[in-house]
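Below are two complexes that have chain A in common, paired first with chain B and then with chain C.
Moving on, here comes the complex of A and B:
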C-alpha cells in the first residue's frame, strides 16, 4: 500500500524540506490527535495502577490518618493469609472449569450449530445462546441466587421432580458448594458468547476443505476432528488466554451471590481486595492484593501478546 | 457459501437437535421464570416455583418501575454520555494513529492499546482517594470519566484495526485537493468507518449499562447509582418482596436484550474483531 508510513501533517510540505523548528512544532501539533486519549488513559488508568504499588507499601491508620511506610509487610501478609490461598484456588477452579465449558464445550456446540443445514436455525441458536451474555452479571447473579434458594428456587424444585431430593442443599450457603454454584452460573451466562466466536471462526473455514474430505469418505465427526478443530486452533488458544484473564478478574458474580461467604469459602482475589480495602479499611493490604491480581493478569496479557504476534489470529 | 460442514447423518441429527433444544431451554427457562416471577404474588413465589402466575397482575412491575426509575435515569445518562465521549475520543485517536505522522508513534500505540490489559480492580484503591480529592466521588461525572478512560483503549483498538484496512486512495485524493487532516477525518474517514463505529457504540452501551464494580464503589447516593447497583440495594430494601425484585430484574435486563436483537449484526462484528470481554 503506498504511503503507508504516513502522509504529512500539512504546512510547509509544498516547498520541500520545511524549517526544522517548523517541523518540530508541526510534530508537536500533530500530537493533538492522541493527546486526549493519552491524557485520560494515563491519568485514570496508568496513574492509579502505578500508585497502587506505592499504597501497597503503606499502612493507613484510619483513626489518626497517619500513613506509615512498612515496606513489603503487606506482601508478607499476603503469603501467610489462608484466604489468599482459598481465593487463588477459587480463581484457578474458575479458570479451569471455564476453559472446559466455555472453550471446549463451546467449540463443540458451535461445531454442531454450524453443521446445521438451515441458515435460519443456525442464527437462531447463536442468538438464543448469546442472550445471557448481554444481561448484566448483577441480574444473572441475583437470578441464580433465587434459583439456588431452597423453597423458592427451581433447582431444588427440579431435583424434587426427578426424585433426587436427597441431593438438594443450600447451594450458596455451604462452604463446599458455594463457589461451584457461582462458577456454574458463570458458565450458563458465558457459553453463548464463546459459542458465537467459534461460530464465526468456523464460518471462515473454506467449504472446499469439507467437500474434499467428504469425497474421501470422511464422516461428520471425522470432519470436525480433522478440519474444524485444527482450523480454529488459533481462536481456541486466544479464547483460553482471554478466559483465564477473565477468571482472575472475577468480581461481580461472587459479590452479588455470596460476597465471598460462607466463612470466606467463595472469596476470589477481587472480592477479598474489596473486603480488605472497603469493609476492613485496610487500603495498604488491599493494594497488595491488587498487585497480585496485576501480576496474574499481566502474565496473561503477555501470553496474549506473544500469541497474537506468533499467529495472526485477528485477520 | 461460507464454511461449516452441513451434514450430520439423520440418526445423530435427531439427537443433536434434542441437545440443541435442551441447551436452548436451559438458557431460556431461567429468564422466562424471572419474567413470570414478576407477575406472581409473593406467597405464590414461595408455594410452587414452577407454577404459572395465578392472576396476571402488573402491580409488581409497577412497583419495580417506580423503584428503579431513578436508577434507570442515572444508567441512561452515564451510558449515553460515556458512549459519546468514548467513541469520539477513540475515533479521533485511531485516526491519529493510522493517518498522521506522530513522533514516537509505536510508543503511543503501545500506551493506548496497552491499557486493555490493565484490570480495573487493580486501580480501585488509589482511585477512591483520587476521586475524593477531585470532589467528584459519588457523581455521574466520576463514572463517565472512568468508563471512558477504561474503554478508550479497547474501542481505539477496534477502530484502528478497521482504519488500517481502509484503502488510502480516498484520503490521498482529498489531500491533493487541499483538505486538511481535520477535514479528511470528518468528511472522508468517519463516514467510511460507520459500521465499526456502530459496533463500538453497541459494545460500549452493553458495557456501561451492565458495569457494576465502579458503580458500586464510587457512588452511594440513590440519585447517582446506576441500575446494577440499584438492583442490589433494592434487594436489601424490599426485604422479602421477592416478586418486586423479579420484576425489577426483568425491567433492567429487557432494554439490553432488545438492543442486542436489534443490532445483532454490529454486535457480532465488534465482538469477533475484538475478542475482548
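Moving on, here comes the complex of A and C:
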C-alpha cells in the first residue's frame, strides 16, 4: 500500500507533495475559470491604461493619423501649462468641498434623519434629499443656469430681496466664481445620494448599542459621536475615496455649465483633456493629461486605502 | 530581445491608439453606376428642433423613391458637431456624408484624405457645379480641387427691432460712433441696446471677426491665418478689440454676457426686450416669426457698422457658405453623391430657404422671394455686394489659435486681460502651432 501510495504522488517527489511543474500546470489550468473575466478586464481596463501612456509620448494628428514619437515633451508641456495649474486647483477645491458637504455634511444629515422617531417622516426626508440625485446632470445644469442668470435669476432675485444686491455676481461668467457655482450645483445634486448611503450604514448599527448608551446617560450628540461615527468608519472611508476620485474625474457638470470658461477659469482636468484632444486635435497631450488624472486618483485611492486599513489595525 | 519586444508592443499600441490606418484619397467618378441599395449615414448640423425636420423629410422622400436605401441621420448642433466630428475621425467612423465649415475646418478633412475629391462631379464646367452658387462652390476648393457640396450661404448681420428704433427715435447707424450713440438712446428708451450671450465664446469672436475685416488689411489677415506666416503685429488687432470693448460697455450688459447663453440673448430680441442682436442670416427666421413677440415685418437688419477711420476693408462681410463632404471611407460614394444631388435640387433648396428653416440655399434657383422672409432675401443681396467674405475666426484658424481667440475674448470682456494681452496670447498660440 505504501508503495502504491508513493507512486501515486507522481514523478520525482517522495514526500507526497506534487512536483512544482505539475503544481504550476494545475494552477494555470484552474485559471481557466477566471480567464474570460481576466481577458475582459485586461483588454478594457489595463490595456487602455498602458496604451494611454504610450500615446502620451507621441504627437498624434487625428486627421492624418500620423504619429510622431516625442518622448516626454507632452509631460514637460504639462508642467508649464498654466491651465493645468488652474484645473488641478479646481479639482482639488471640488474634492475638498465635496468631502465637506457630501461626506461629513451627509453623515450628520443621515444621523439626524435616522434619529427621527417617526418611520413615515424618516422615509419622507430620505426621499426629499434623494430626489436631486435622480435628475440628470444636463437638466440640473439647465436648472442652475437659470438660477444663476445675471439680473433675472432666482439667486440674484433672492439677494435683492434680502437687501444683499451688492453680493450679486455673474456667477457662471466671472473667473472668480464660475467653478464654485458649478461645485455648489454638484453638492446640491450629490448630497442626497450620500445621505442615503450613510442612512443604510446607520441602520445596520445594532440598536442595543444606543439603548446601552442611553442607559449610561449619553445624549443624542454623544451617541452620534461615540457610536454612529465609529461604526460607520468603513462607509466614511469608502465615501471619501469615491468622492475624491469622482472630483478628479468630474466632467459633465463643467461641460454643461461653462465648458471650462470664462477664459479657462473653470477648467478641470477632464474638460481640459477633452479640449486638447477633441477641439485642438492634440491627442498626445490629451493622453498626458489622462496620465496625470490616473496618477492623482491612484495616489488618492492608495493613500485612503492605506489610512483606512491602518485605522482598522489600530482599532 | 527585451528591447525588440518592447518596441513591438509600443508599435502595436501606438497604431491601435492612432485608430488604425489613414484613409486613402479617393476621387469621385462621375460615371460610377448608382446602386440604390444599402445604408447611408449622414451627419448634419440641423440638430436644433426648428431645423431637424428638413433632413428627416428629405431622407423619408429619398427612401420612398428608393426602397432599397436606408438613410441614418446623425443630427448635431453648432457646438456638438465640433467634438462629434473629431471623435468620429479619431475612431475612423466618419459617416458617408458629413457637415463641414470652410477654411481650416474643412481643410483638416482634406489634409487627412478623409474627404472625397469631388472635382470631376462638382468642379468647373460640370452640370452639378453650374447648378450651385459659384462663390459657394469655390469656398470649398483646397489646392485647386473641390471637396465640398455647399448647401446654404451664411453671413453675420445686426438684426434689430423696428418698433424699438422708432420708440427711441433713431435711424439705422452708418458707422460705429453712430451705433454707440444709438445704444445710449435705446437704453434711455428702456431697451437693452444689444442682446449678447458670450457663454459660448464664439459669439464674441464673431464680433471680432467682422471688426478685424474693418481694421486689418485682407492680405495681412490671410497671412496671419496661416501659423507659418503669422506675425499678428498689425495695430488693427488691438483697435478691433478696443472697438468691441466700446460696444460691450455702451450697448450690452458688459461682462455679464459671459454668463448668458446666446439662445437666451436671441430670445431677448424675439421677446421685444432688446433692440438688437448680432446674428447669422440663418437665424433670421428664429429671431422673428409668427410665434414671437417681434414679428417678421418688424424685423430689420444692417451690417455691423464700420469705424469711420477703418484701415481694413469697410465693405467686407463676415460669413461663409456651409456644406457637406463625402467620406473617403464610404463604401457607397456613388449613392452618397446621388443623395446630395437630390438634396440640392432647386425645389428642395426653396424649402430650405423659406421659413421655418430660413437657410438661404446655395442652389441656383433654390431661393424664391415669394416664399422667403424678405429679410433673408435682403441679406442675400447684401452678401452679393460684399467686397469679400471673411470666414469665422474659430474655423479659419488653427485650433490652437482659435482657442486663444475664444478664451481671450472672454477674458477681455471679463476684465481679466487687456487688448494687447489677448493679441499677444494669439500670437503665442500661432507660434506654438508652427
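Going forward, the second predicted complex is superposed on the first by the 244 of 315 C-alpha atoms of A that agree within 3 Å, B and C clash if a C-alpha of one lies under 4 Å from a C-alpha of the other, contacts with A are read in each partner's own complex, and residues count from 1 in each chain.
Rule of thumb we're sticking to: contacts are C-beta pairs under 8 Å (C-beta built on N, C-alpha and C of every residue); 3 or more make two chains touch, one makes a residue touch a chain.
Only a predicted model underlies this, so the values are computations on that prediction, with no experimental measurement involved.
Student: Have a look at where A:251 lands relative to chain B and chain C in the superposition and call it first, second, both or neither.
Tutor: After superposition on chain A, A:251 lies in contact with chain B alone.
Student: Once the two complexes are aligned on chain A, which partner has more residues of chain A within touching range, chain B or chain C?
Tutor: Touching more of chain A: B.
Student: A:95 in the overlay: touching chain B, chain C, both, or neither? Say first, second, both or neither.
Tutor: Touch partners of A:95: none, neither chain B nor chain C.
Student: Looking at A:261 after the superposition, I want to know if it touches chain B, chain C, both of them or none. Which is it: first, second, both, neither?
Tutor: second
Student: Of the two partner chains, chain B (first) and chain C (second), which one does A:58 touch, if any: first, second, both, or neither?
Tutor: After superposition on chain A, A:58 lies in contact with chain C alone.
Student: Can A:174 be said to touch chain B (first), chain C (second), both, or neither?
Tutor: second
Student: Please indicate which partner A:151 is in contact with in the superposed arrangement: first for chain B, second for chain C, both, or neither.
Tutor: both
Student: Mind working out whether A:278 is in touch with chain B, chain C, both or neither, as first, second, both or neither?
Tutor: In the superposition, A:278 contacts both chain B and chain C.
Student: Check chain A for residues that touch chain B in one structure and chain C in the other, and list them.
Tutor: Common interface on chain A, chain B vs chain C: 47, 51-52, 55, 151, 274, 277-278, 283, 287.
Student: In their complex, what parts of chain C are in touch with chain A?
Tutor: Touch list, chain C to chain A: 10, 13-23, 82-83, 86-87, 89-90, 108-109, 111-114, 198-201, 253, 255-261, 264, 399-400, 403, 407-408, 410-411, 413-414, 416-417.
Student: Inside the complex, what are the residues of chain A that reach chain B?
Tutor: Residues of chain A touching chain B: 1-4, 6-10, 27-28, 30-34, 36-38, 40-49, 51-52, 55, 109, 111-117, 122, 125, 127-132, 134-139, 142-144, 146-147, 151-154, 157, 161, 188, 192-193, 196-197, 200, 202-207, 210, 214, 219-220, 223-224, 227-228, 235, 238-239, 242, 246, 249, 251-252, 255-256, 269-270, 273-274, 277-278, 283, 286-287, 290-291, 293-294, 297-298, 301, 304, 313-314.
Student: Going by the contact rule set out above, which residues of chain B touch chain A in the complex?
Tutor: 1-9, 12, 16, 19-20, 23-24, 26-31, 33-34, 37, 45-46, 48-50, 89-90, 92-93, 95-97, 99-103, 108, 111-112, 115, 117-128, 130, 145-146, 148-150, 152-153, 156, 161, 167-168, 171-172, 175, 180-181, 206, 209-210, 212-213, 216-217, 227-229, 231-232, 235, 242, 245-246, 249, 252-253, 256-257, 259-261, 264, 268, 271-273, 275-277
Student: In the complex, go through chain A and note every residue touching chain C.
Tutor: Listed in rising order, the residues are 47, 50-52, 54-55, 58, 60-67, 145, 148-151, 170-175, 258-259, 261-264, 274-275, 277-283, 287.
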